[in-house]
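Inspection log for the structure reproduced underneath, given as structure tokens.
As written, the chains take the letters A, B, C, D, E and F, and residue 1 is the first residue of each chain.
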Amino acid sequence: MTQQMPADESRLDRGKRVLSEIDGEAGERVVSALADIAPDFARYLIEFPFGDIYSRPGLDYRAREIATIAGLTALGNAAPQLKVHIEAGLNVGLTRDEIVEIIMQMAVYAGFPAALNGLFAAKEVFAHRDTVAGREAC
Amino acid sequence: MTQQMPADESRLDRGKRVLSEIDGEAGERVVSALADIAPDFARYLIEFPFGDIYSRPGLDYRAREIATIAGLTALGNAAPQLKVHIEAGLNVGLTRDEIVEIIMQMAVYAGFPAALNGLFAAKEVFAHRDTVAGREAC
Amino acid sequence: MTQQMPADESRLDRGKRVLSEIDGEAGERVVSALADIAPDFARYLIEFPFGDIYSRPGLDYRAREIATIAGLTALGNAAPQLKVHIEAGLNVGLTRDEIVEIIMQMAVYAGFPAALNGLFAAKEVFAHRDTVAGREAC
Amino acid sequence: MTQQMPADESRLDRGKRVLSEIDGEAGERVVSALADIAPDFARYLIEFPFGDIYSRPGLDYRAREIATIAGLTALGNAAPQLKVHIEAGLNVGLTRDEIVEIIMQMAVYAGFPAALNGLFAAKEVFAHRDTVAGREAC
Amino acid sequence: MTQQMPADESRLDRGKRVLSEIDGEAGERVVSALADIAPDFARYLIEFPFGDIYSRPGLDYRAREIATIAGLTALGNAAPQLKVHIEAGLNVGLTRDEIVEIIMQMAVYAGFPAALNGLFAAKEVFAHRDTVAGREAC
Amino acid sequence: MTQQMPADESRLDRGKRVLSEIDGEAGERVVSALADIAPDFARYLIEFPFGDIYSRPGLDYRAREIATIAGLTALGNAAPQLKVHIEAGLNVGLTRDEIVEIIMQMAVYAGFPAALNGLFAAKEVFAHRDTVAGREAC
């Protein structure tokens, strides 16, 4: 998975494109939830993380999501964002087993509670995906 | 880079092998520093993180070091261990630029100070490597 | 807003007065919730933070609540206390927009997830205030 | 309370025995919740914390649970694990009052919000115990 | 102190101007230290925190530095950045006593160690300023 | 070791007595270091942690120091305070081996880096004690 960046794309446009490639609908939900309280922050959230950072050529989305899932699991106080990025990891090609490996590994660096809470977040995301897939299959 | 695990290797032997493949001398230095104060902890450090976790087949060393560098940068209170794993990342094939990308990305999740302190840790490790390489080249 | 301190007020009395000036009912709810499990802790909570610290003359309540909202947003693991102090901030004269500014700024120092979770806490507090105001207007 | 360790017990068996002595059913519930997502992690959770650490002779269970309750309260981002270890503390002989003392003391080191959230976790655990005891008394 | 923003200033130019108004030389030193390892990150550091956030009209520099000093003291793992912002606080008009008040207050929310380490950071910054002033007076 | 509390001792006097019983000279050094920057904070540090909390009858000093060493190791960002309380633990009767056990156990809850950094802090404190004892033996 490579990231191509049209030469004269604005940071906001590039961020929107990258956010949609990585986070899909989950990213959009966060952005709309900010609309009435901090619309400028929604723009910053698109521009800096996605327009500036994720769109950089030096690391592919897969590696970036490994880093993000690891970082958020280790921090241990950002459950909603961890769930969004477990989704994102699946979107950019990580398997469920790989995501579980990354989270388990954080037990070494941030302790068993951080890893356990990360695994239960993953369990929720996977179960939700199965429910949606089940509904769509009917 | 794949991880092969001899069928009847003990956790301790496997951990020693993996630690040496990943961390090289830096890992051994930590283990000796523990010898007089907590020798059993040195054994646990080899057995659980390296014998159990890093040796698992589901994720290669490169991906594991991306996760560890990200997690330690995000935590922001484990500078000595971050430096060991920046070394480890280089040992298992990450480039300096890739390591810099991972650390920069943590600014999004753990703030600019965590990323800055991570980048300065990387700068130290890279400079140390250059000094050693310079000396060996003479 | 200045803090006047009667000369011979006890720490507990001063703390109660300051807690009521700043936190209003939210502070009292915390104190009652402690009554059956740790009544002495309720007293410490009034005496040290409010009787000793908030009542000091060197900084007005407005500046103190800017500091507290910033600190609690950055810590990211104290949602109930952050909500109490978003209320407190409004009580001592911060506007909703100012509170949103303070929380947004913490994205720089503690990461986007900490700021996002802080903004959603503010959104809840503001919505609750509007509901109560709506009810009282009827 | 002393910890006796049969000479040729495996880490897993020892861990299961210790987990059951300390955590009772709460430990088992965590282990089963991991069964479908990360069964190996359930094994590590039994082997390292309980088979290796809690079973060491140098500190009794009572002292170990004081340490764990203090550590989890201070971290402030591991509410489910804190509740399990408040239960565990009661199981190994700590009184409710002693647990409240430990948590209160963390206000000094990790701030009042960490202590408050720890006290409310204890309140929930104690109330749950009373409900169960009340049901069993009927 | 108000923030005026020329209509067609780029984020980078605006960030440079604001960084220089707030952090003075300390900010420039950070930016140069990044030049050889992560020059793009130096740009992001100017653009997002200073070009986007600090330059927003809703909160003056004084209030922003109260928030930043509080947040960094509470986090407790960003000593170099805390020192830069204690300097910045003085630059934008906070008195030494006000900075001490902000840091002391964080004992309530992040514990006494965080506040103590913050106060010792302030002590270093104040002493350094006095030395420089003493030298310049000769 | 029991804590006796003269009936009409002030919080400050009680705190001074308890601080001296627990921390010995290390506590006094912290208090003097605050004298020129935040003398009131030195008083709060004596009054609340030592006058209010450590002097409470529900838990002896030994249990309180187990909790503090565990909490500070887990937080991982308060090395100076952890060293003071490793000293304090020895002062109130914990053995070096017990302190090592407490710190090792935190690997489970806060990760291996937190435990490693705690062990190296203990190693420094123990070595310093041996040096002083060696000098005094001559």
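Methods note: a contact is a pair of C-beta atoms (placed from the backbone, for glycine too) under 8 Å apart; a residue touches a chain by one contact, two chains touch by 3 or more.
None of the values given here were measured: they were computed from a predicted structure.
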Which neighbours do chain A and chain E have in common?
-> B, C, D, F
Chains in contact with chain A and also with chain F, listed by label, are B, C, D, E
Between chain D and chain C, is it the same set of residue numbers doing the touching on each side, over half shared, or a different set?
-> different
From chain C, which chain is the farthest off, judged by mean CA positions?
-> B
Please indicate which chain is farthest from chain E, where distance is taken between mean Cα coordinates of the chains.
-> D
Would you say A-C or C-E is joined by more C-beta pairs in contact?
-> C-E
CA centroid of chain B to CA centroid of chain E, Å | 32
Between chain D and chain E, what is the gap in Å from one C-alpha centre to the other?
-> 42
Roughly how many whole angstrom separate the Cα centroids of chain A and chain B?
-> 24
Identify all positions of chain C at which a residue touches two or more other chains, and write them in rising order.
-> 40, 44, 48-49, 53, 56, 72, 75-78, 81, 100, 104, 107-114
Graph class of chain-chain contacts, one of line, ring, star, complete, other | complete
For the complex, which residues does chain F have touching chain A?
-> 74, 107-114
Quick one: in the complex, what on chain C touches chain D?
-> 30, 33-34, 36-38, 40-41, 44-45, 49, 72, 75-78, 80-81
As the complex stands, chain C meets chain E at residues 48-49, 53-54, 56, 58-59, 63-64, 66-75, 78, 81, 97-98, 100-102, 104-110
Chain A contact footprint on chain C (complex, rising order) | 75-77, 100, 103-104, 107, 111-117, 119-120, 122-123, 126
In the complex, chain F residues that touch chain C = 40, 44, 48, 52-53, 56
